[in-house]
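One chain, subunit A, links the two complexes that follow: it is found with subunit B in the first and with subunit C in the second.
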Partner chain A sequence: MNIVRALKCRECGQEYDIEPTHVCEFCFGPLEVVYDYDKLDGYFTRELIESRPQTMWRYKELLPINGEPTVGAQNGFTPLVRAKNLEKALGVSELYIKNDSVCYPTLSFKDRVVSVALSKAVEFGFKTVACASTGNLAGSVAANAAAAGLESYVFIPHDLEQGKVLGAGIFGTRIIGIKGKYDDVNRLCSEVAGKYGWAFVNVNVRPFYAEGSKSLGYEVMEQLGWKAPKHIVVPMASGSLCTKIDKSIKEFIKLGLIEDNNTAMYGAQATGCSPISRSVKDGTDLIHPVIADTLAKSLAIGNPADGFYANRVINESGGWAEDISDDEVVAAMKLLAETEGIFAETAGGVTLGCAQKLIESGRLPRDESIVLCITGNGLKTQEAIADAINKPRIIDASLKDFDALAEADGFEAAA
Partner chain B sequence: MSVSVRIPTPLRKLTGGADEVSIEGANVGEIIDNLEAAHPGLKERLCDEAGEIRRFVNVYVNDEDVRFLEGRATALKDGDEVSIVPAIAGGC
Partner chain C sequence: MQLRVYLTFDESTVREPLIWKLAKEFDVITNIRTAEVKDHMGLVGLEIDGEDAVVEAATKWLVEQGVNVAPIEQDVIEG
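Moving on to the complex of A and B:
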């Protein structure tokens, strides 16, 4: 059942037909997909959803494609982990990790948005797809395009982590490194998109692409037993994910799938690129662009397109925003790995580190349910922690040498 | 003095399809006023009622965001390139 009604300007409300376009012709405001939810009355039930395969597409009525997905049919449905060890470490009673560091096929939540964007691009008849990326998106576009038989171009800042460059290049995409920051890449891409007639996932098909993030929120609610948590902490670059998870919760409430639990949204940024966090802390909705400078490159967007809306969602939901230093990012990456066995990328360190700070300051209560959204995999950002982890101790293949080492560690041989 | 202004796809209906136009003006504010004179309707799309550049519009002079320069007062010289770019998203 297709319930997509139109594209609607988030600023002036003007509606547009479903086309590859992303800004309002009248006020330049961003366009968003709107739906006729009433059509789902009595049809879109928990039972229907539970009867479907465990992929993000079990919620397909709430994703803006026609019929079945043609790209990324297996994507999504990542684990929600009860983080018992981390609960002890942080002194909280109910903590969960939504672990998109193992999202299929490229180990980041971008596989969600890309499968929607490319399925839509195929519907529109595009043969070439492209993106501006801080890394994860490049890999996901390249992989999903390869699997779908589409041509692709990916544009990245020239100084990205090797894991992200290789993790896109392997798929045979045309990879372009831009001398500049992500914001420069973004600007170039918006001009390229107008000129070449490709489907740029985060330019002309962005309204559809962004909707894919909602699937992360749907899954969290279903995995909690059809319940929204009290608090959700998300990393913020453009601010889009924060707004889409909030939208996913409102949709499930509207559809009667869950009760309203007054979920509060919390945004996490690295201090070296924290325009949204700054605005929340300063009590303003004006976002001042910054020149990004942080280890958390996937979040290094100095001019966040959805910053204004993320700020509003955070304020209206009763949440907050926080930011942490690069050293705190690395420490949090280690903490997550050592307590829960999850190797998150730098953005995951940002999310956990900010959550720690929010708990310590009392903004996040210790006795209510908290979900941390981990959106990418640490194997792609190894440079960030290379100097912070233990190196292997090198010994000869000699039992005597090992015995000495084990003794130093306090271990005795079993009798 | 004359500068070239790159027009984004959503605004080309107002410039008769042109992706680049040549406009006179000593600063960004004058360019916007003169764009409006040449292509009526452009200014209200770029600026709010108070005349400030809209939240979702980025204006660049030779690849530098005017928010990091002097906004509408940013001075221009012959041959400068002005780009108008809608805000777009990436990252999370």
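Moving on to the complex of A and C:
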């Protein structure tokens, strides 16, 4: 059942047909997919959802595609982990990790948004898809396009680290390195998106792409036993994820799938790129662009397209925003790995580190349910923690040498 | 060409009549499509219409005046 009604301007409310377009021609406001939820009355039930395969598409009526997905049919439905060890470390009573560091196929939540964007691109008849990215998005577009038999272009700054180029290049995509300052590279990508007849996932099909983030929210609520948590902490780059998780909760409430739990949304950023956090703390809704300078590269968006809307969601839901230093990011990555066995990328460190700070400041209550959204895998950002982990202790191939080492660690031989 | 941009003015530029100066300085048609101006900063959605080279020069001039000029998509390079 297709309940998509239109694209609607978030600013002036002007509605548009479902087409590959993303800004309002009248006021430049961003367009968002709107739905006729009433059509789902009595049909879209918990039982129906539970009867479907465990992928993000079990909520397909609330994602903006017609019929079945053509790209990324296996994506999503990542674990929600009760983080008992981390609860003790942080002094809180009910903490969960939504672990998109194991999202299929490229180990980040971008697989959710990309599979919606590319499925929609196929519907629209596009043969070539593209994105501008320094990491996760590039890999996800390249991989999902390869699996779907689509041509793809990935635009990157020309001096991007080899490891990140490899993460997209292995999938056979066409990688274009662009020389110039960040703003120039950004502007070129915007111009290319406007000039070529491609589906540029975060430009002309962005309204559809962004909706994919809602699946993370739906899964959290179902995995909690059809309940929204009291508090959700999300990393913020463009700010889109924050707004879409909020939308997912409001949709489930509207459809009668959960009770309203007055869920508060919290946004996390690295201090070196914290335009949204800064606006929340300053009590303004205007986002001042910044030049990003942080090791949390996946969150390094200095002029975030959805910053204003993320700010509004945070304020209206009764949440807050926080930011932490790069050293705190690394410490939080280690804490998550050492307590829960989850190796998150730097954005995960940002989320946990900000949650810690919010707990310590009393913004996040210790005795209510909290979900932390971990959105990418640490294997992709190994350089960030290379100097922070213990180096192996080197010994000769001698049992005597190992005995001495074990004794120093407080272990004795069993017999 | 017609360029569609967001201009962000900070505390030091928000009181300056820079869009007026732009139209005086360069042979372009400016068309404000959206704007929010406060004491410490302003955001303006602007169309700049004219010959390619003139529009580019006008954009460069705005940057030199301390205005942040971004495509209406804002940052499209994601992590």
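Quick notes on this structure:
Convention: the second predicted complex is superposed on the first by the 398 of 415 C-alpha atoms of A that agree within 3 Å, B and C clash if a C-alpha of one lies under 4 Å from a C-alpha of the other, contacts with A are read in each partner's own complex, and residues count from 1 in each chain.
Note that in this section a residue touches a chain if its C-beta (ideal position, glycine included) is under 8 Å from a C-beta of that chain, and two chains touch if they have at least 3 such contacts.
Just so you know, these numbers come straight off a predicted model, no measurement behind them.
Using the contact criterion defined above for the overlaid structures, shared-chain residue A:F109 touches subunit B, although it does not reach subunit C.
By the document's definition of touching, of the two partners only subunit B reaches A:T21; subunit C does not.
By the document's definition of touching, of the two partners only subunit C reaches A:T284; subunit B does not. Once chain A of one complex is fitted onto chain A of the other, the partner contacts of A:G319 are absent, as it touches neither subunit B nor subunit C. Residue contacts after overlaying the shared chain place A:N186 against subunit B and subunit C alike. Applying the stated contact rule after C-alpha superposition, one finds that A:M236 touches subunit B and leaves subunit C untouched. The contact surfaces that subunit B and subunit C form on subunit A in the two complexes overlap at residues 11, 22-23, 26-29, 131-134, 137, 182-183, 186-187, 189-191, 193, 202-203, 206, 237-238, 288-289, 298-301, 303-305, 347. Within the complex, the subunit A residues that touch subunit B are 11, 21-30, 109, 131-134, 137, 182-184, 186-187, 189-191, 193-195, 202-204, 206, 210, 234-242, 287-289, 291, 298-301, 303-306, 308, 347, 375.
Across the complex, subunit C is touched by residues 11, 22-23, 26-29, 110, 131-137, 155, 157, 182-183, 185-187, 189-191, 193, 200, 202-203, 206, 237-238, 284, 286, 288-289, 297-305, 347 of subunit A.
Contacts from subunit C toward subunit A in the complex involve residues 4, 6, 8, 10, 33-34, 36, 38, 40-41, 43, 45, 68-79.
Within the complex formed with subunit A, the subunit B residues making contact are 6, 8-11, 13, 19, 45-46, 54-58, 60, 63, 65, 67-68, 83, 85-92.
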